[in-house]
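What follows is a pair of complexes built around subunit A, which joins subunit B in one and subunit C in the other.
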Partner chain A sequence: MRKLLNTLYVTQPDTYLALDGDNVLLLKGDEKLGRLPLHNLEAIISFGYTGASPALMGYCADRNIAITFLTQSGRFLARVIGESRGNVVLRKTQYRISDNEEEATKIARNFITGKVYNHKWVLERMTRDYPLRIDVEQFKIVSGQLSDILREVRNSVSMESLRGWEGQAAVYYNRVFDQMILQQKEDFFFHGRSRRPPKDNVNAMLSFAYTLLAKDTAAALETVGLDAYVGFMHQDRPGRASLALDLMEELRGIYADRFVLSLINRKEVTASDFVTKENGAVLMTDEARKTFLKAWQTKKQESITHPYLGEKISWGLVPYVQSLLLARFLRGDLDEYPPFLWK
Partner chain B sequence: MVVNDEDRYLMLSGLQHFQFCKRQWALIHIEQQWEENVRTIEGQHLHHKADQPFLKEKRRDKLIVRAMPIQSKELQLSGTCDVVEFIQDPDGVGLAGVEGTYKVYPVEYKRGKPKKGDEDVIQLAAQAMCLEEMMLCRVDTGYIFYNEIKHRIEVPISDMLRDQVKQMAAEMHHYYDKRHTPKVKTGPFCKNCSLQHICVPNLMHKRSVQSYIEGRLGE
Partner chain C sequence: MLVLITYDVQTSGAGGAARLRKVSKACQNYGQRVQNSVFECIVDAAQFTALKFELAQLIDEEQDSLRFYRLGNNYKTKVEHMGAKPSLDLEDPLIF
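== the complex of A and B ==
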C-alpha cells in the first residue's frame, strides 16, 4: 500500500507560503518561520487569512499535493487545483451514477451500512472496556436497536428511506454519547449536536474533527481521480464536497468521535482550552487547536488491519483506501462498494 | 460528419505497457493515471539528450535525427523516435534537401538492460512500420541502445513481429473505443509495476463485497 505522507497544518495567522526549490517556505513578513521539503507532504491545510505564491500552488497542483485554505475557525475558503488531470472516464461514471437515484442508492446504502455498523461497534467497545463506568444494559439495548436499523438499511431501496433510518440511528446513538465522556464531566458534556455555531466544548471539538476528516477525505478522493464535489447521497451545493461527506459517514464514529472522546478522557484538553463568544458560540483556543492537530497526526500513524483488504495500513490511509475501493467499484472491478466495517 | 483521424491515434509508446500488462496500459492511456516513480524519472533523464527536436548531426555517410515525430495510418498510432539514423546507400530513398539516397534505421534508447519479454522489440518494430509508411521505404533493421550495458543491439524487423504489432494495435483500439480497463491475471511482474497502488492487483482475487458485508453483519 501507498506510504502515508504528512499533512502540513499552518495555524499561525498571517503566514505566507512560498516555493523555495523543492521546499515550502513559511514566511511572516521578512522573517523565515520554517522550510519543509515538499516531497514529504501530501497536503497543506492553512488556517487563517494566509496566502501562498502562485509558484507554490503550481508546484503542488502538479504533484497532487492538496492545498486548502480555511478560516481560523475551520470554515472552508478555497482550495487549489491544477489543470484537471483526473480521470475523465471515471468521473463520467461518477456523474452518471450521481444522477441516477437507483444506482446512487446502492452505493449510499453501503455508506450508511458502514456508518451504523461502526456506531454500533463504538458502543460495543465501550461496554467491553468500561463496564463499570457506563450503563451497560442501556448500551446493549441501543446496540440492538442499531442492529435492527442495519437490517432495514440493507433492505432500503430509496434514498428517502435510507435518510430516515440514518436519522433514527443518530437519535439512538446520541442518546448514550454523553456517557462515553468519562472524565471532566462538569466541563465536557453532550446534550445533542450543535453545529452553526457549536455551543459547547464537545461540539466545538466534534466540528473541528469532522472538518479535518472531510479535508482528508476530499484530498484522498481527488488523488484517486474522483470528484470530491459530486456526491451520491449529499446533494450538490456550491462549495460542498458532497462525495467527501458521503464517504466520511462511515468514519465519523470510529475515527472522529472516538478521537475527540479520547482527548477528553485522557485529559489532553481541559476547560481552559475553550472560549465562549457573546453569542454562545464556543471556540477552541489556538493552543488547543495545536494540541488537537498534533494528536490528529499521531492518530494517523497508528496502524489497523483493513477489514476487507486484510492488509495492515495506518489510520491516516483509511480515507485513501476507501476512495480507491470506491473508484475500483465504479470501474467495475468490484461487485459493490466495500464500506470500512470496524470492530 | 468530419472525422479527424489523427484524434483516434494512440500513443505508440503504449505498446510497451500493453505488452507488459494490458491493465497497466489502460490505466495509463485510457484513465490517464500516472504515478511518478524512480523508473519514470530515470527514463525522463535518459531521454533528455535524445529529446532535442530535429537536431541533425551529420557524420560522413550518416545523418542522425533526434526526437522525430512519427505516425502510422494503418496502425493508428503516433509517437516519437528517439533517434533515426539515415545511412547513405544506393538502395535507399531520397531525403528532402539532402543529397544522395539513404537507408533508414530507428534507434530506441532504454534504461536498464535487455528484457526477457518482447516489449522493447515490439515498440521498435512499430516505429519501423511508421517510418516505412511515412518515407515509402523498407526498414529491415533497428537498434535498441541499453543504458546499463552501454551497448546497442541489432533487431531484425521480421514479418512475425509486424503481425504482432498490428494485432496489438487493433486490440488497443478495441479497448480504447470501449474505454474499458480490463481485469487481468496478476503475477510476480506486478512487483515491478509503477501503478500497483492504483491497480491494487490483489483486489482481483478478493471475495465478493457482498459476502464480506454479509459476513461482518452476521457476526
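== the complex of A and C ==
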C-alpha cells in the first residue's frame, strides 16, 4: 500500500510559496520561513490569500501533490489540478453511470449503506464506552431505528427514496448527537446542523472538518483517475465536487464527527477558541484552527485495519483506498462497491 | 527511512567550489539542511538509490567524501538536538 505522506498547512495569510529545485520555499516578505522537500508532501493547503508561484503549481500538478486554497475561515476557493489522470474509458464509464439513474442508485445505495451503518456504530460505541454518561436506552432505540433504515436502504430502487431514508437517518442520529458531547456542555452543544454560516461552536468545527475531508477525498479521486466533480447522488453543480461529497458520506460520522467530538471531550478546544460575528456566524480563531489542523494531521497518521482489504493502513489513506475500490468497481473488477464499514 | 548525509568537498582545487554547490543543491532537493554540510533526508529505498547515484556523479572520488547514515523508520528515538537551529520534523504536522 502507498505510504501516507505529510500535508503542509499554510495559515499565515502573507506567506508566499515558491519552488526552488525540488523544495517548496515559504517566504514572508524577504524572510524565509521554511524550506521543505516536496517528495515528503502529499498536499499543500493554504488559508487566506496567500500566493503560490506558477512554477510550484506546475511541479505539484505534475507529481500529484494537491494544492488547495481555502479562505481564512476554511471555505473552499480553488484547487490546482493538472492533466487528467487515469484513462478516459474509466471516466466515460463514470459519466454514463452518473446519467443513468438506475445504475447511479445502485452505487448511491452503497454510499448510504456505509453512512448509516457507520453512524449506527458510532452510537453503539458510545453505549459501550460511556454507559453511565449517556441515555443508553435512547441510544439503543436510535441504533435500532438505524438498523431498520439500513434494510430500507438496501431495498431502495429510486434515488428519491434513498434521499428520503438518508434524511430520516440524519434526523435520528442528530437527535442523540448532543449527548455524545461529554465535556464543556455549556459551551458546546448541538441543536441541529447549521451551515453557511455555522451558528455555534460545534457546527463551526463540523463545517471545517467536512471541508478538509472533502478536499482529501477529491484529491484521492483525482489520483485514481476519476472525475471528482461528477457525482452519482449529489447533483452536478459548477464548482461542486459531487463525487467527493458522495464518497465522503460514509466517512462523515466515523471520521469527521468523531474527530470533532474527541477534540471537545479531550478539551483540546475551549469556548475561547471561537468568535461570533455580527451576523451570528461563529468562526474559529486562527490559533484554534492551528490546533485543529495539528490534531487532524495526527489523526490521519493513526493506523487502522481496512475492513474490506484486511490491510493495515493509516486513517488518512481511507479516502484513497475507497476511491481505488470505486474505480475498480467502475472497471468491472468488483461486483459491487464495498463501502467502508467501521466497527 | 531517515538518512543522514554528510559531505566533505575539497574546494581548493579546480572546480571544487562548483562541486560543493552542486552537491549541496542535490542534497537540498531530498532533505533538509541541519548543519552546514549535514543533511537529514526522509526517503524510501528507491529515492535513496536515486540520490546516491546522483551524488556519485557529482563528486570527485579522489578528493571528496560522502557518508550516508541510515537511521531507519524509527529514527525519532535516535536523534537528539542541542543548541541553536532546531530542525523541523518532516513527519510531524506541518503548519506555518
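The criterion applied here is as follows: the second predicted complex is superposed on the first by the 341 of 343 C-alpha atoms of A that agree within 3 Å, B and C clash if a C-alpha of one lies under 4 Å from a C-alpha of the other, contacts with A are read in each partner's own complex, and residues count from 1 in each chain.
As a working rule, a contact is a pair of C-beta atoms (placed from the backbone, for glycine too) under 8 Å apart; a residue touches a chain by one contact, two chains touch by 3 or more.
Just so you know, these numbers come straight off a predicted model, no measurement behind them.
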Clash or fit (per the criteria above) of subunit B with subunit C on subunit A: fit
Subunit B versus subunit C as contact partner of A:Tyr117, first or second or both or neither: first
Contacts of A:Gly225 with subunit B and subunit C, given as first, second, both or neither: first
A:Ala55 touches, of subunit B and subunit C: first, second, both or neither? neither
Touching partner for A:Arg154 - first (subunit B), second (subunit C), both, neither: first
Subunit C versus subunit B - closest C-alpha approach in the superposed model, Å: 5
Doubly contacted residues of subunit A, that is, touched by subunit B and again by subunit C: none
Contacting residues of subunit A [partner subunit B, same complex]: 1-2, 63, 85-90, 110, 113, 117, 150, 154, 224-225, 307-309, 324-325, 328-329, 331, 333-339, 341, 343
Residue ranges of subunit A in contact with subunit C within the complex: 3, 6-12, 15, 21-23, 26, 33-37, 39-40, 290, 293-294, 296-298, 301
Subunit C residues within the subunit A interface of the complex: 25, 28-32, 41-44, 47, 88, 90-96
Contacting residues of subunit B [partner subunit A, same complex]: 30-33, 36, 179, 181, 183, 197-198, 200, 202-204, 206, 208-210, 212-213, 216-217, 219
